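The following pair of complexes shares a single chain, chain A, combined with chain B in the former and chain C in the latter.
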Partner chain A sequence: MNRFLSLFLTSVLPPLLFFALLVLLWHLGVVLFDIKPFLLPGPLRVARAIADHFPALLYATGLTGLGALSGFLLSFAAGFLIALLFSQSRIIARSLYPYAIFLQTVPVVAIAPLIILWIGHGFQGVVAVSFIISLFPIIANTTSGLTSIDPNLLDLFAMNNASRWQVVRKLRIPSAVPAMFTGAKISSGLSVIGAIVGEFFAGYGTDDFGLGYLIILTNGQAKTDYLFACILFCTLLGLAVFTSISLLSNFLLVRWNGGED
Partner chain B sequence: MKKLLLFPIFLLLLGCGGDKAPPTDPSLTRVRLALNWFPEAEHGGFYAALEHGYYRQNGLEVEILGGGPDAPVIQRVATDAVEFGVSNADDVLNARAQQAPVVALMAPYQINPRCIMVHAGSGIERIGDIADITLALSQRPAFSHYLRKKFPFTGVTIVPYPGNVTQFLMDPHFAQQGYLFSEPFVARNKGGDPRSLLVADVGFNPYASLLIATEEAVAQRETVISAMVRATVAGWEQYLRDPQATNRRIHRLNPEMSLDILAYGAEESRPLILDPIARQQGLGQMSLERWSGLLEQMIEAELIAPGAVEPGRAFTTRFLP
Partner chain C sequence: MTPLENQPSPLVVARRLGKRFANDIEALLGVDLDIPGGEFVSIVGPSGCGKSTLLRLIAGLIPLSSGDLTVDQLPPVEARRQRQELAYVFQEATLLPWRTVAGNVLLPLELRNQRDPAFVDQILELVGLADFARAYPSQLSGGMRMRVSIARALVTRPDLLLLDEPFGALDEITRQRLNEELLRLWEEERWTGIFVTHNVYEAVFLSQRVLVMSPRPGRLIADIAVPFAHPRDPDLRTAPEFNRIAAEVSHQLLSSHIS
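And then the complex of A and B:
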């Protein structure tokens, strides 16, 4: 059996079969209990909604995905720099870390309107909200990775008169890569949520719309089948972002552990 | 998002019967009325009927349940979680397009209070002339889609409705949706220069603050329905005559609504409720012509598929006194 076939059978087929079973139960439930579409649409209705609105759904997913990706990349860059700063100065870390935690605990729906007021509507507002939500896991995980170094290795570097920057470049950063990617995987999902919540408040121009806009629209107009279609696309987007980040991190980790210098 | 959590609850409610608490007075029928927003002047007639005892006089013990943003009125009525609800005509048509069996029983507002609030200093006198500004519109209701289809709105950036007048006060090139006697009143109080452009004036005029119930209730609980409609019409007539006691009640329930704004709301509502049609045919009347017209507009704005809704089945006037 070649690799792809075995990969398909072990990793892809079981979740697909489970999904098929869920869809079957869902359909039976809707039919047997005569549940009306405005309450819970059956899978056939949702499929028809997807078919009817496919271009719109695709466009919206793309726009939301772009917002999420931008927010994520920004949070990865900024989070890395902040974590680097924290790893170099304990007093800065102690002063500022609680505020990083604030990013984690403050309810997004409460601060999003404020962010929009300061940064503006449209793409920049969406990216800003996505950025704020994705930031903390990067900071937390990267800081942890940069500071949890084997003391023996630190001694080794000290014995060889390594400069602070050399320690950072050749010891801390390579050691932190696994932790960084853990943070990245967490943030990738959050960045999608952030983009959608951002769209609730930031909206876009007259004819531009992301998944957040479609969710508000379909929700308010009781178009529950279309709403379910949007949710499906949101989920797929989150899955796509998460999978790409995971694949990228696995690839880079293999390369890195090969001994970059 | 919260609505998704309510779905399993509604499914449970479908299975449950109606094991309600026993009424305080066994001779009265207990019913609940779900509002579509926080208690405000737009619900004045319902509270007036409660305040002045009209519901009791007609054999009903009515509990009014306040709503808020995203209040799932249609879902609660359609699943028999509550007996009556307050909604607008465009929401009723959307619901019926999704096979929710709700029916409108009476329409207090013959003229919908929806308006676009612009700066008086902007020189904009008609909705069709709006151009080169930022316009905050919610995409939930039908009117924003209708307006966007009908008018070019050149150079206009549409942003979501913020729920307050802060941006309007800060930015002279900002306009937003509003209700005739809410946002403009608040903006003026805070020193702004609002000008209200009524959406009904451009031809989009869904009935507002409708009393709704299910098709089944209309068919099988005629006495209760009849009593509710009768008392509610009397309540609205009373609210327009003298809203003071009712407004005090609403203010207690919703302190955000000052007595000033409620009094203003009651006053400004009079021409919207007692328009020439209501004066001639009675408060609360509805016509097939208007329901069909609204349906046509919503189909044109691509909100409802053609043939999905029979307008005649969305309402009934047979309980109106």
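And then the complex of A and C:
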């Protein structure tokens, strides 16, 4: 119990206090300088906007989260298979890797309209943008995990006349698990960004919108307090996704990292 | 058939064996070697003399550059593929961190599509790790990890066990204890052992024969018999005759170093 208390005092309380200070300064700034609410609404207005639109915000967050999660899972599966292919053939890896890097370097915002054009509006378009933006970190990290194997372990498997498939299944894939989680952590955050960007262009329908669409909508109507609420929920969504992956990784990687059982 | 051919030929035979790496480093040159089945031989030499290279050639892990090398009258790679009775213990324990001790020891059997958990337990008992079967490598000391590594080699019931400086990273007390355990294991099973080390006392204590290698390019420059009977007692280390042989091995090592 004491451990939790000291953990709370040292690592939870300070950022909370800083947050409270920041909100206070924000509030004082808005009041003192008499800033127009459509430019910068104070924290109270934002809180009211959250309360007024809570069901819509929650629904939008869920929808965006679902799009991000789908994009992330697809990119994880596809990225894993591509990395597996890369690890098995140097020729394929050399020929295709530059195109994988293209995924990383091309601004997704620039190609998102094109993707929507091809894939179509609605959920599938959002998932496609999220998928493309989160694919590269999975490919890069998993490939590196599958190929940087302790040479002694490869010799050990050779001494036991292990087949190529046995080396993949019993050595390469388990060795790559920590690197896969590193990629997943990066991609999980990106998948949320991808879903929001996708929604900027795709949306879902007139009555059905995620956070990205809501941002465009509230911005257009100069409902800046509502816009702030949307941004807050985007941040919380990204945080939730990243935290779940981190916790899952810490939980599953105990053996790889040499912790207690 | 001449009578000579009826004699069992040595398990490992090398003639004028040479190894040159792609970067033009001449690791071994003109190595002649005969190791009869059931013998425990140590190879000592200065660091970087090609001891490990010789072991990896015998294991069939790297191709030779010149000369001949056979294991049980077959090229090493063939011997490894056909007989499957070759095991290698590396300088580091080289365990899979995601597997328990028992899982690590079971691995060679798994790769052969054999499952024999009872035998795994028996081997773990033999190396004194029965209570740690469910522990993970990260929970073990360096000496215990090396025991797991040896157990993993023994689980295949090898004819030929190649040991590449397995105790080099351990402290002196642990090293001596593991030397005694390895000796006991050999005395019980009598597999053929080739043990690479740069520790003279370890080599003399364990072996029936100590081969001394020159600095690179490695050649065998001395072949010193260690005629003590088995089972050997740990107190052997303090016997005058033991120290005389160790002194001779050291002398050969140093003479090669100066020249």
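The rule is simple: the second predicted complex is superposed on the first by the 244 of 261 C-alpha atoms of A that agree within 3 Å, B and C clash if a C-alpha of one lies under 4 Å from a C-alpha of the other, contacts with A are read in each partner's own complex, and residues count from 1 in each chain.
Simple rule for what comes next: a contact is a pair of C-beta atoms (placed from the backbone, for glycine too) under 8 Å apart; a residue touches a chain by one contact, two chains touch by 3 or more.
As the structure is a computational prediction, the values presented were derived from the model and not from experiment.
Undergrad: Have a look at where A:V177 lands relative to chain B and chain C in the superposition and call it first, second, both or neither.
TA: A:V177: touches chain C, not chain B.
Undergrad: Counting only touches as set out at the top, which of chain B and chain C does A:A56 meet: first, second, both, neither?
TA: neither
Undergrad: Does chain B (first) or chain C (second) touch A:A202, or do both, or does neither?
TA: It touches chain B, and chain C stays clear.
Undergrad: After lining up the shared chain so the two structures overlap, which partner does A:P37 touch, if you call chain B first and chain C second: first, second, both or neither?
TA: In the superposed model, A:P37 contacts chain B only, not chain C.
Undergrad: I'd like to know which partner A:A93 touches here: chain B for first, chain C for second, both or neither.
TA: A:A93 contacts neither chain B nor chain C.
Undergrad: Who contacts more of chain A, chain B or chain C?
TA: B
Undergrad: Quick one: is A:Q221 in contact with chain B, with chain C, with both, or with neither? Answer first, second, both or neither.
TA: first
Undergrad: Along chain C, where are the residues that touch chain A in the complex?
TA: Checking each residue of chain C against chain A gives 56, 59, 61, 80-81, 84, 86-88, 90-92, 94, 96-98, 107-108, 110-112, 135-136, 138-139, 156.
Undergrad: Across the complex, what residues on chain B touch chain A?
TA: 1, 3-4, 7, 10-11, 14, 70, 74-75, 78-79, 91, 94-95, 97-101, 134, 138-142, 148, 153, 156-160, 162, 166-167, 303
Undergrad: Under the definition above, what is the set of chain A residues touching chain C in their complex?
TA: Residues in contact with chain C: 150, 152-153, 155-162, 166, 170-171, 174, 177, 255-261.
Undergrad: Contact residues on chain A for chain B in the complex?
TA: The touching residues are 33, 35-40, 113, 117, 121-122, 200-203, 205-206, 213, 215-217, 219-225, 231.
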